[in-house]
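We call the chains A, B, C and D, going by the order they appear; numbering starts again at 1 in every chain.
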Amino acid sequence: MRMFRSDYSEGAAPEILRALVSTNDEQVAGYTEEGDEHCDHARALIRAACGRDDVDVEFAIGGTSANVVGVTGLLDDWEGVICTKDAHINVHETGAVGACGRTVLPTDDANGFLTPEAAERVWQFQTSTGRHMTRPAAVYISDTTELGGVWDLARFDALCDWADARGLKVFLDGARLASALTSSAAEGLTLEHIAERCAAFYLGGTKNGMLFGEALVIADPKLKRAFPYLIKERAGLLAKGRLLGVQFEAAFEQPADGNEALWWRLARNANACALRLRDGLVSLGFEPYGESASNQQFFVVSPEVTRSLEAACGCETFYTLSDGRLVVRFVSSWATRAADVDELLTLAATLA
Amino acid sequence: MRMFRSDYSEGAAPEILRALVSTNDEQVAGYTEEGDEHCDHARALIRAACGRDDVDVEFAIGGTSANVVGVTGLLDDWEGVICTKDAHINVHETGAVGACGRTVLPTDDANGFLTPEAAERVWQFQTSTGRHMTRPAAVYISDTTELGGVWDLARFDALCDWADARGLKVFLDGARLASALTSSAAEGLTLEHIAERCAAFYLGGTKNGMLFGEALVIADPKLKRAFPYLIKERAGLLAKGRLLGVQFEAAFEQPADGNEALWWRLARNANACALRLRDGLVSLGFEPYGESASNQQFFVVSPEVTRSLEAACGCETFYTLSDGRLVVRFVSSWATRAADVDELLTLAATLA
Amino acid sequence: MRMFRSDYSEGAAPEILRALVSTNDEQVAGYTEEGDEHCDHARALIRAACGRDDVDVEFAIGGTSANVVGVTGLLDDWEGVICTKDAHINVHETGAVGACGRTVLPTDDANGFLTPEAAERVWQFQTSTGRHMTRPAAVYISDTTELGGVWDLARFDALCDWADARGLKVFLDGARLASALTSSAAEGLTLEHIAERCAAFYLGGTKNGMLFGEALVIADPKLKRAFPYLIKERAGLLAKGRLLGVQFEAAFEQPADGNEALWWRLARNANACALRLRDGLVSLGFEPYGESASNQQFFVVSPEVTRSLEAACGCETFYTLSDGRLVVRFVSSWATRAADVDELLTLAATLA
Amino acid sequence: MRMFRSDYSEGAAPEILRALVSTNDEQVAGYTEEGDEHCDHARALIRAACGRDDVDVEFAIGGTSANVVGVTGLLDDWEGVICTKDAHINVHETGAVGACGRTVLPTDDANGFLTPEAAERVWQFQTSTGRHMTRPAAVYISDTTELGGVWDLARFDALCDWADARGLKVFLDGARLASALTSSAAEGLTLEHIAERCAAFYLGGTKNGMLFGEALVIADPKLKRAFPYLIKERAGLLAKGRLLGVQFEAAFEQPADGNEALWWRLARNANACALRLRDGLVSLGFEPYGESASNQQFFVVSPEVTRSLEAACGCETFYTLSDGRLVVRFVSSWATRAADVDELLTLAATLA
C-alpha cells in the first residue's frame, strides 16, 4: 500500500524529472547566478505568477534553509520574530534561527494560526522594559500551518494589518503553500495578495513534487541586499543552481494545452486525495482532529488502531490526548492516487 | 565547444541520473534517517572503501555545508582551525565557518599546501598569550588544493604527524578528492590512509558527476555526536535524503564487470582529459602555472589570449601577475571527452 | 526617602569601597591572571566557603555575563537549557544566551521555580523527534527566583535528582544567592550543598554590596576548560581584574571579631529590612503577592496607590492583574536601614 | 621600583576614585539609563568635547566590549571589517568580533597603521567574486596603534578619504586615544576631527586612569539604533551604570582653575614619562624599535638584558627578531612619576 507518511516520500513528479533529464547535458553557469537561463526564466515566471515586477526571486534547497536565511535576513542581531509556539522555526529546526543569533518569540496560540491578539501580548511584553528584551521586528506564519490549517483572506489581512500597525515585517513559510492556495478554505487569499503584503515568503517545491527546492519572493530591501551573501554564508547555495531553475521552470511554465501550471495541479491532486480520505474516514466513523482542508489530515484514534494504521500506511502520531487516544497524521501528495486512498479506506473499514 | 569553466557545469553522470530515475517512485523515509535503505547501503559501501567499520558516514548537500558542519563540529566556540590563506573556508565561503563562531587562522603558505612549518608559526603565535587568543584545535586541508595540487603520502603524513604532536585534529576537504586520489601525484596516499588519520573528511560528489552531495566520514567522537543535530541546525539536512543515498550508492557500488566503482572512473576521465590538455598546451608553448596533476590546470597567458580562450571555453582568470599576464584555469570533468580537449587545442594553436 | 527600587541603586558597601581605596596604588597583574594575588586569595576564600578544593573559581562583571559564559560553556551548539518561562536568561537579557547559538527552552512553570514535572514535559517533547529538535543538556535555575522565591533543600534536591537521571547539568544563577541562603526559607540548603550538586553556579556581588562582580564556581570539566577563553571571547574579561579579586576578598574574608564574612552579613541586613517591610505592610492591610522570604517583596495594589508608592520609594510595577490591580516590587539592599523601612511604612499607612 | 608593564596595573587616578567615593551613597537609576544624571552629564561633556550635538554617547566596560558592540553593530552578518593584521580585534580578543558572526579582514600592513594601499588590496580581493566572499563594509583602526604609533591628520584623512570613496564606515579604537591626541605626533589631528569623520569611535578610560570604562561616540544611524540592545545582548551592560557616568564626568569636567580636563592631563603625564624614558634609554645607547611618541615605548635588547629589565620593571617581550634580539615594551601611565623613570634609567645604565 502507498504510504501516507509524508509529502516528501517519493522523488519528483514525472514532469519535473523529465525536465532535469532533458537539460542534464547542458553546461550552465553555477550558483543560480548570471548566465543561468533556467534560473532567470524561473524567476520571471514566478514574478509573473505573483503579479509583481519589483520583487527578487531567489532559491533555497529546503525549508529550513529558506526560513533561516529569510527570517534572519529581515532582522538585526537584537531583534526577534513572533510566531506560534508550534511554529516550525520554534520547534522543528534544532534552533536554526536562534543559531544565527536572532530570537524566536512564541505566542500561546494553540491551533497553528498566529492571532493578532496573542501576537500583541508578546509585543507588549517584549517592549515593556526597553533594551533588556529582544525587540520584535517580524512575524512568521506558515500556510498551511503545522496542523494543515489554511489561511483565508480575512484572517491573513487581519494579521498583516496588525503587523503593519506595529511596524513588523511579515514572513510566510510556504513549504506547503501550493496546497493552501488550492484549498477551498483559502477563501480569496491569492498568491498575488500574499506577494503584495509579505516582506518575504516562499513557494515550496520539496513538498510539492520537486526533488528539493523552495523559491523565495523578497520585497524587503534589507533582505534583498543580504540574501545573495546570506545564502552562501549559511551554506545553502547550490553549486549546480540550475537544478533549482530547471525544476521551478517546469513547475510554473504555462502548459500549451491551457491547463494550469504544474505547481498548482500537483497540489490540487494532493488536496483532492486528502479530502477523499477525510470524507471516507468520517463516513467510517473516525473522528477528525481540527478542520484541515489541505493535504494533511489529522484524526483521533485509539492506540491499537494507530498501530494497525501505522503499519499499513505509515501515518505518524502527533500528540497523545489526555484520554490516551492519539492524534495521527495522514499526508497525501502529488503522487497519491484515488485508488491509494480507497485501498486505505478499505483497510480502515476493518478497524472502525 | 565544451566549456572548461568548472566541474559543476553539467548535471549528473548518466549512471547517477539513471539511479535517480529508477528509484524515483519508491517511497523512502526522510532525512537520510532510519529506514532509508539507500543511505544505509551507501554508508556501508563507503565504510568498506575506507576500510573502517568504526566511522560514521553522513551526507551534506555541498562543500560549504560539509565544511561548516565538519569543521565547526570539531571545535569548541573559542577554538580555531589552521589553514592556508587561500583555503576555501578562509576566502570563498562568505565567512561561513566564522559565522558559526569559530575562527579561521590562516598561515602564510603560498601554494595551497599547508606546511608544518607555517602551521607551527601560527600555533606558536596563537598560544603565546594564553586565553587572549583563539586556541588552535584543528587543521584544515583540501585535496586537491585550490590550485589543483595533489597531496602525496609523505607530505600528508608529515602534516598529520605535526598535528598529532600538537593535539590538533585533521579535517580534509575532499570536494575534489576523487581527482586527487586517482592522480599519479598521490604517490601512495590512499582513501584508507586518509580515513585512518583524519578526524573527519569528505568524498566529494558535486564536482565528480553527481547532481550534488558530499559524503562525510567521521572518526572524531565529538563530531559523531554533534553531526546529526548540526546538519539540521545549520540548515543542511535534505528532506529527500534518499537522493544522497541513491547517488552515493551508484557511485560506490562495485560493477558486475569487475571495473572500478563509478566514483573513481569519473575522476580518472577528468584527470586524463586535464593532462591531455596540459600536455597539448605545453607542446604549443603555453606556460603552465604550478604543477597540477589533477583536473584543474593553470596557465600563464597574456590578457589578449585570455580573452580569446575565455570566449571559446569559459576558462576563468585567477590572478594577475606583476608583469600584467594572467593566470587562467581550465577545468575538466567526468563529462569532458578527448575530442573536447582536442577541439580546444586546435583553437589554442591559433593563439600560441 | 530611600528608594526601594532595586538592590543596585547605591555604590558599594563601605568595607568594599575601603578595600578598593586601600589597594588602589598597588600594581597588580591584569585580567585576573597569574600574579594577581587578590584574585587568588578570593578564589581560595570562596573554595573554602564552598567546601570544595576541586572547583575553579572565576569572575564576571555582572549577571548577564556570568549567565552567558556559564550556560553556553556547558553546552554544545545544538544543545539547549531548560528553565522557567520567566527566567532571566529567557526574558531579561535581550537574547544573550541565544546570541551565542544555544537555545533557551522554557517550561510552563508559573511561579519562578523550575519543577521536575514541567522540565520533564520539555524533555519529553524536545527528545521526541531526535535531531530535528534542540537537545536539552542543562537546566538553569536562579536562587532567589525572579519573584524572590527561595529554594529549600528538598525542592533543590528533587530537581537535581531529576536532572541527574536525565544526564542534564545544573546551572544556578546566584545573582541574589546571598539573600537566598540567609533566608529562613532556605531550610537546609547550604552553599556547600549547592557546590556539591551544580555543574556551575555563581555568588552574586553586584546585588549584594559590591560595585559589580559575580564569582563563578565551576565543577564541570568542559566549562573549566572553556571559561578562561570564553570570558574573553564574550567580551567579559576585565583588564583591571584585581577589582574583582579585591571586592570578593573583602566579602569573604573572615573578620577578626569572629563575625560572619561580609557577603553574608550584607544579605542578612537586606532580608531583615525586607521582612520588616513585609510584616509592616501586611499589618497595614496590604496584600502580598506570593511568599517571598528574601530581599524582594511583591504586593498587590491599586493603580492609584501604586502611583503614590512609586513616586515616594521607586517601587516598580511587575504585572497587571486581570482585575486591574498591579503587582509592585519593593527591593531592600545592604544599604537599607530599619529607619528607611519605617519611613516607608509611615507613608504606606496613609494609603492603606 | 614601579613596574612599566602596562597602563592598567594600578587602580584609578585619585580624582576618579574621589568621585566614586563621594557619590557612593547616592541612589541612581541603573544601566546608564534615563534618570542617571551622572551618565547624562558625562554624555553632555563628551559631546561638547567632540564638538557635535548629534552623536550618541554610550558606555562600555572595556575595550573588547566596545570593539565587539561597536564594530559588529556597524555591519550586517555577511559583512566584514578591514584592519591591520596586528589589530587588536584580529589577534588579541579570542575571536570576539568573529564570534558575533562578522568577519575580520586583515591587510598585510606591518607597522600598525592601516594604509589605503593595503586596504584597497583587500577590498579588490574581497569584491572579486561577489557574494562568495565576505563584503567589506567598515575599517578598524586604533589610535595609538598596537606599536604605540600616533595617527596624524594627513594620514588619518587619507584613510578616511579612501574609506569614503569605497562607502566603508570608519571605526576607531581609542583605548589609548588620550595618549595619542596629546602626543606631539598627532600633528593637527583633534578629537573634533575624529568625531567628524568616524562612524563610531571611543575614548578610552581603562588605560587612562579609570577603574574601567570606555565612552563610545556614535554617529552612524544603524549603530545608534542597535547599541542600546547590543550592549545588553553582548553582556556588556553594567547594572550600576552610574560608575561609568561618574568616572567620565570626573574625567571631562572642566576644572575651576582653568586647567585642562583630567582625561587630557593624565595622558600628558603618561606621555611625558614615556618620552623621558625613551630619551634616557637612547642616551644610554639603547636602540628604539619604531618611532613611538606615545605612552608605549619599544626597544631592541638582548635576551640577557631583557631578563634583567623584566625582573626590575615588568616590561614585556613583544617579538623575537631574526638575530635573536628581543623587542620589549615599556608602558607608562597616569601613575608614573619622573622619579620612577629616573630609577629605571639608573638601573638601565648598569645594563647598557
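Keep this in mind: a contact is a pair of C-beta atoms (placed from the backbone, for glycine too) under 8 Å apart; a residue touches a chain by one contact, two chains touch by 3 or more.
Here the structure is a predicted model, which means the values were calculated and not measured.
Figure out the least number of contact steps between chain B and chain C, where 1 means they touch directly.
Tracing touching chains, the least step count from chain B to chain C comes to 1.
Tell me which has more C-beta contacts between its two chains, A-D or C-D.
Counting C-beta pairs in contact, C-D comes out ahead.
Would you mind checking which chain's C-alpha centre is most distant from the centre of chain D?
A
Can you give the whole-Å distance between the Cα centres of chain B and chain D?
The computed centroid separation for chain B versus chain D comes out at 43 Å.
Based only on mean CA positions, could you tell me how far chain C sits from chain D in angstrom?
A distance of 33 Å separates the two centres.
If you average the Cα atoms of chain A and of chain D to get two centres, how far apart are those centres in Å?
That pair's centroid distance is 50 Å.
Among the residues of chain B, which are close enough to touch at least two other chains?
Residues 77-78, 93-95, 99-101, 131-132, 134, 229, 232-233.
Could you pull out which chain B residues touch chain C in their complex?
31, 33, 72-73, 76-79, 100-101, 130-132, 134-135, 225-226, 228-233
Applying the document's contact rule, which stretches of chain C touch chain A when the two form their complex?
Residue positions touching the partner: 77-78, 80, 91-95, 98-99, 101-103, 125, 129, 131-134.
Sort out for me which residues of chain A touch chain B in the complex.
Residues 2-3, 5-6, 8-12, 17, 20-21, 23-30, 61-65, 67-69, 93-96, 99-100, 206-207, 211-212, 229, 232-240, 242-243, 314, 335.
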